[in-house]
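By letter and in written order, the chains are A, B, C and D; residue numbering begins at 1 in each of them.
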Amino acid sequence: RVIDAVAASDAVRASVAHAASLGIRINVAVVDSGGNLAAFLRMPGAFLHSIDIAIDKAYTAASFGLPTSQWHAALQQHSDAVREGIVRRPRFVGFGGGLPMVENGQRIGGIGVSGGSEEQDEACAQAGLSAIGLKS
Amino acid sequence: RVIDAVAASDAVRASVAHAASLGIRINVAVVDSGGNLAAFLRMPGAFLHSIDIAIDKAYTAASFGLPTSQWHAALQQHSDAVREGIVRRPRFVGFGGGLPMVENGQRIGGIGVSGGSEEQDEACAQAGLSAIGLKS
Amino acid sequence: RVIDAVAASDAVRASVAHAASLGIRINVAVVDSGGNLAAFLRMPGAFLHSIDIAIDKAYTAASFGLPTSQWHAALQQHSDAVREGIVRRPRFVGFGGGLPMVENGQRIGGIGVSGGSEEQDEACAQAGLSAIGLKS
Amino acid sequence: RVIDAVAASDAVRASVAHAASLGIRINVAVVDSGGNLAAFLRMPGAFLHSIDIAIDKAYTAASFGLPTSQWHAALQQHSDAVREGIVRRPRFVGFGGGLPMVENGQRIGGIGVSGGSEEQDEACAQAGLSAIGLKS
């Protein structure tokens, strides 16, 4: 299944609405299971770096099916070489704010938020998922 | 003035709704006056190349303040060197589907659509502008 | 549907076998519907440029659902601006050798071959499709 | 000697078969002694980041003639500057899953696998080598 345009748009709008309620400014992206950009929304004044961070958080979550906030702990069980190497890979983001989109056990994409703290970003991503009936 | 997130989202959704009414599948992007991505929406199955073409049409329209459909005629008044050089610049798109976003005479960004014919793409971009009370 | 690894591998091997029968050396690539590389095979001594040309032919065919050999004629019905602009887009290849992979009317990817003439390349791509029961 | 197309294809297929027996999904790449992609195969659903990681592991192994799993220990004998610098070089991968392809003492390429743990990835790469009569 591919996420449809209205659902993807509803998700990014819900993330932005949640950010507004928190008093922060974010960028938020949804990518499909192939990693292609499906939806994006930017609040004026959100950090410039956060445009790509949001997109790459979504990409990382879609790629591995893991919330990006869990990578730091997950990497503790790997060798030093992996721990130091993975974080340098292009488009990898290993901190919070990206959540996989899973439907009936199948990875259908990812959503990524950047602009606040890791916890705020993940809460905004979660609000995006909730708005379209998905759980993280 | 900077286009706000809800307006940018309304615009890309209106473009997608217009594309659906035409029976085509598009990607649509809005960039702000700084050229940064403000909103994006992809209809599943739209051409893959059109992701970046939509973004670059929006960028080109925001950059020069000219509908991208007018570039071909405009270039006839330039030297061969400009005519052949401009079209090779990264992120320049010289065919229809990108419209500047102008408010009270001030360029505030651009919207770009890719997925149909030039005329269809521009009509979708126009639908996006109209939805938020802007004229092209 | 996503093309499975064995089918993708069978396809590129059949293309290479056909190339060998023609006495040419090719590179051949399969990408999935999201444009991600699914399979690749290179005959030693095939042109170096052809590595990326093969991959981008597959990408272009998957993107638009059109044999890349049909683009030149198709572009005659577009404006000069589109005709000159599309061919300059990153990863666009507008000459023969790329075929879409379609199953039950649904685009599931593309196959691209580079190394011989356009006709030879397309014949090799066709051999790849035939080997896995797809028609172009 | 250059690895021929059938051998390269046999190698990536054997890696995929081994991955299937382990219940994991991988991407696997073979590059020749010139660092050019010779064969690639992706199992649907394998991590997106792993496409390039597999290719770069193969490249790194072909480049230095060392299993990528041995780099971390090898770097301990270098200066801090080298240790910190090498891992930042484009296309360098310093963790397990890449093996050089050596025949009669001559480096003829590399194979790289990404998608499982370092040990699983290296076992899959090893299965690829074994299938074509090479030792790591």
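The working rule: contacts are C-beta pairs under 8 Å (C-beta built on N, C-alpha and C of every residue); 3 or more make two chains touch, one makes a residue touch a chain.
It should be emphasised that the depicted structure is a prediction, and the values quoted were computed from it without experimental measurement.
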*Counting shared numbers against all numbers at the contact of subunit A and subunit D, is it over half, same, or under half, different?*
different
*Gap in Å, rounded to a whole number, between the CA centres of subunit C and subunit A*: 33
_Interchain centroid distance [CA atoms averaged], subunit A/subunit D, Å_ = 29
*Measure off the straight-line distance from the CA centroid of subunit A to the CA centroid of subunit B, and report it in whole Å.*
26
*Provide the C-alpha centroid distance between subunit B and subunit D, rounded to the nearest whole angstrom.*
43
*Any chance you could list the residues of subunit B touching two or more other chains?*
45, 48
*Indicate which of the five shapes (line, ring, star, complete, other) describes how the chains touch one another.*
other
*Contact footprint of subunit B on subunit C as seen in their complex*: 34-35, 59-60, 62-64, 78-82, 84-86, 88-92, 107
*Sites on subunit D touched by subunit A in the complex*: 45, 47-50, 52-53, 69, 71-72, 87-88, 93-96, 117-118
*Where on subunit D does subunit C make contact in their complex?*
2-6, 8-9, 12-13, 16, 32, 36-45, 48, 51
*For subunit A, which residues count as touching subunit C in their complex?*
32-36
